[in-house]
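Each chain gets a letter, A, B, C and D, in the order it is written, and its residues are counted from 1.
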């Protein structure tokens, strides 16, 4: 409990943007990426050292009114007594380390967790998951911090996570979950969804392969296919956004 | 059929508590933990030698009016001709053996059953399932009782189950199902749900591991993470409770 | 196309029974046992040489008005131009061979099909599937009939299927599906549902077992547990029946 | 951007046909074959060198008004500024190469993708998937075109795909998806659905088989069973079509 004043806001953002961010939270529920836990954030469109993220709340319940603004130390600008997610440092430290990233999704999507617990690596099984072709690192919080509650609950842990992620866009967290990032909200959601779908596909593929190599996307194919996804991926976002709009009227 | 009078009640309980217990039953359906079978109970808040549990009924149909009160011998205080679950002794004997436990869920959740039939042990695959890191014993009713109908249908069988569970919070039952316990109703439901989710995750993890060790939570991580879950787990309960309230208006 | 008159009816049956049989068809859809294909029948309550079954129609669309009556040669008593399922001989020949059976379900439920294609046998993984503990034979139509369209489309093929089933209550059909039988409609539906659930559980169990024996129900446990299921199984039927009633108002 | 005029139309088609094609798109969503991506087309009933297909749009959103007409070079006759799917050349080149085919479905249905990434071949696991018994080739775009964005985005790539498909009705695309074809719209949809169902069944079958041969349909059985499916398959189409009609009123 600090008595220092909250950080200044980066300035007002449009209602449309707050609605999209709240809708993203519900899209991730509808697509099976998050359950009662997980969160999605968006860098402030006009202030790169601020980001927007729901107060601590189950993703299915988030409304535009629940979105708070944070600085890159994870301090809320406008909490007014509302509590914050313990793991907002995942977001703040990635925004600090990676100026190209404007949106971050953290989830415990169930098909992805196994790839954080074994030696076999996640690969891109099909073009929609092309962003995985560059490789998917695993962050083991135990290496630097010993036995913990597994949460990225402060800046130092967020920094360590961002370091393991490096220049990639997805990082797995051992015995916990994963993070998917992108230059825009729709693409971060797209990547979180297709990381989960790809994991399901890879489970079955590895079972069929019986130890043989698997002919997923190579690095060149991944780079080329990801360029297309950045455009065509909006088709998925537009569909998902419309489905949420039909439920909540915003 | 005994003609002795039913045991005395431990006293009235609030409507809110009866509604929460009935809602818990429906939450377990919604989360895929129970189907037409399974039950959840709550120790009486003012009388530790009494507990509350639905009459024999499919979990999806339970209402607050269906909740009966039992003593720790599994005798209903207020049956009035309503029939009881054959396996209420799972609950009565665990309450007898474990004063720290205030809520018990019994289910046949399908992903969990396999871990009661093989040598490989259930482990905690991620922080939400931290309560499994202390180890998950398997109760084989055949060891003490020979060939049976597999049901924990009397006090002696309930006692044997509670003995195998010991100081743990989850116990598997060979060729039958499992039991998840906690100090509160929300946490027992949370543990029943994440025992099932963890089982699904572990199936895929073992398949990927191809016999190698799996890097789940160790005992220290499990202890630390479970402390956090006892607080943050309410976020899941609040969501699930709201979803049931929207359906049934209580 | 024969010009002989249709067989005589075994007499009228109650509306309630026709509704239950039509509801059974929809229950099997809701439980994932049948899709656009599959059928359930009931022996005529007063005429053991007649049975009741929907005209050829997707199970989700069956209403009480679609139920036809057949003799044990698979001839419809009251078709009035309505077409019959090609595989009604599965039903007619089982009723002929097994006076104790009063209801039959045929499905292609997807988790069960694999057990008809490999050497490993289906076993009872938990007490709800106790009826499988006596063993599950596989009918390979190719053995007696060579290359066919795989359908049990005449009496001879139905007879051969019933012979392979023998005194058991479930039989798999290679590269096709399975049949679940019982002394009553609710129990046949119960067995069809839990044959599918058991298959899912066994898939995961075999994967974990890595070639070791699996500790499912033994024959004695199966016999004892099945006795209980015949009573408690009505709890599932009552739930499923109520769910259909809420949709169709009959 | 060409300034040449669009190709001439093959003539008007009935509203009923446009509704069926739009409904097919939504059926594929409902059956889990397509998500935000994928498309279904129909050869023009009166002009074999034209085909009908939605403008670029998520399949769940397609209405009869979104259907465009194309020539066999993938040029739209009536785009009026509406954008086309990048991969319409899958359809145009298959229609060019195979006069017997009148409907094509392209999807990334998730259970099918693994069979495009490993050596083990897809087989027909049960009679509904009889059309797979003739064998399922895999198109690897890398063989002829090197590293690409994985899309069949021009006529040359479509031609190469159609060549690998040859006289078969289903072809897998490495690290991408698959194509299912038939002589009619209902059968193409049926085959797309049962290719996915068959893949799920085969995954479990291969796991049980532990390297042994799997007793799926042989070529003769496949041929005989497929004949029946061409008739009985309409039962599934009629059900699926009715379910969409109930949602959209067309």
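Quick note on the criterion: contacts are C-beta pairs under 8 Å (C-beta built on N, C-alpha and C of every residue); 3 or more make two chains touch, one makes a residue touch a chain.
Please read all numbers here as calculations on a predicted model, not as lab measurements.
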Next item on the list: With one step meaning two chains touch, work out the least steps from chain B to chain D.
Entry: 2
Note to self: Validating interface symmetry: for the copies chain A and chain B, is the fraction of residue numbers used by both over half? Same or different.
What the structure shows: different
Note to self: Using CA atoms for the superposition, what rotation angle relates chain A to chain D, in steps of 5 degrees?
What the structure shows: 90
Note to self: How many angstrom lie between the centres of chain C and chain D, each centre taken as the mean Cα position?
What the structure shows: 33
Note to self: At least two partner chains per residue is the criterion; list those residues in chain D.
What the structure shows: 207
Item checked: Topology of the chain contact graph, where touching chains are joined (line, ring, star, complete, other) -> ring
Notebook entry, point to check: What residues on chain B touch chain C, complex-wise?
Noted result: 35-37, 56-58, 60-61, 86, 108, 110-111, 113-120, 140, 142, 147-151, 174-177, 203, 206-207, 211
Next item on the list: Over in the complex, which chain D residues touch chain C? Could you list them?
Entry: 124-128, 130, 197, 200-201, 204-205, 207-210, 212, 214-218, 220-221, 224-225, 227-228, 232, 235-236, 238-240, 242
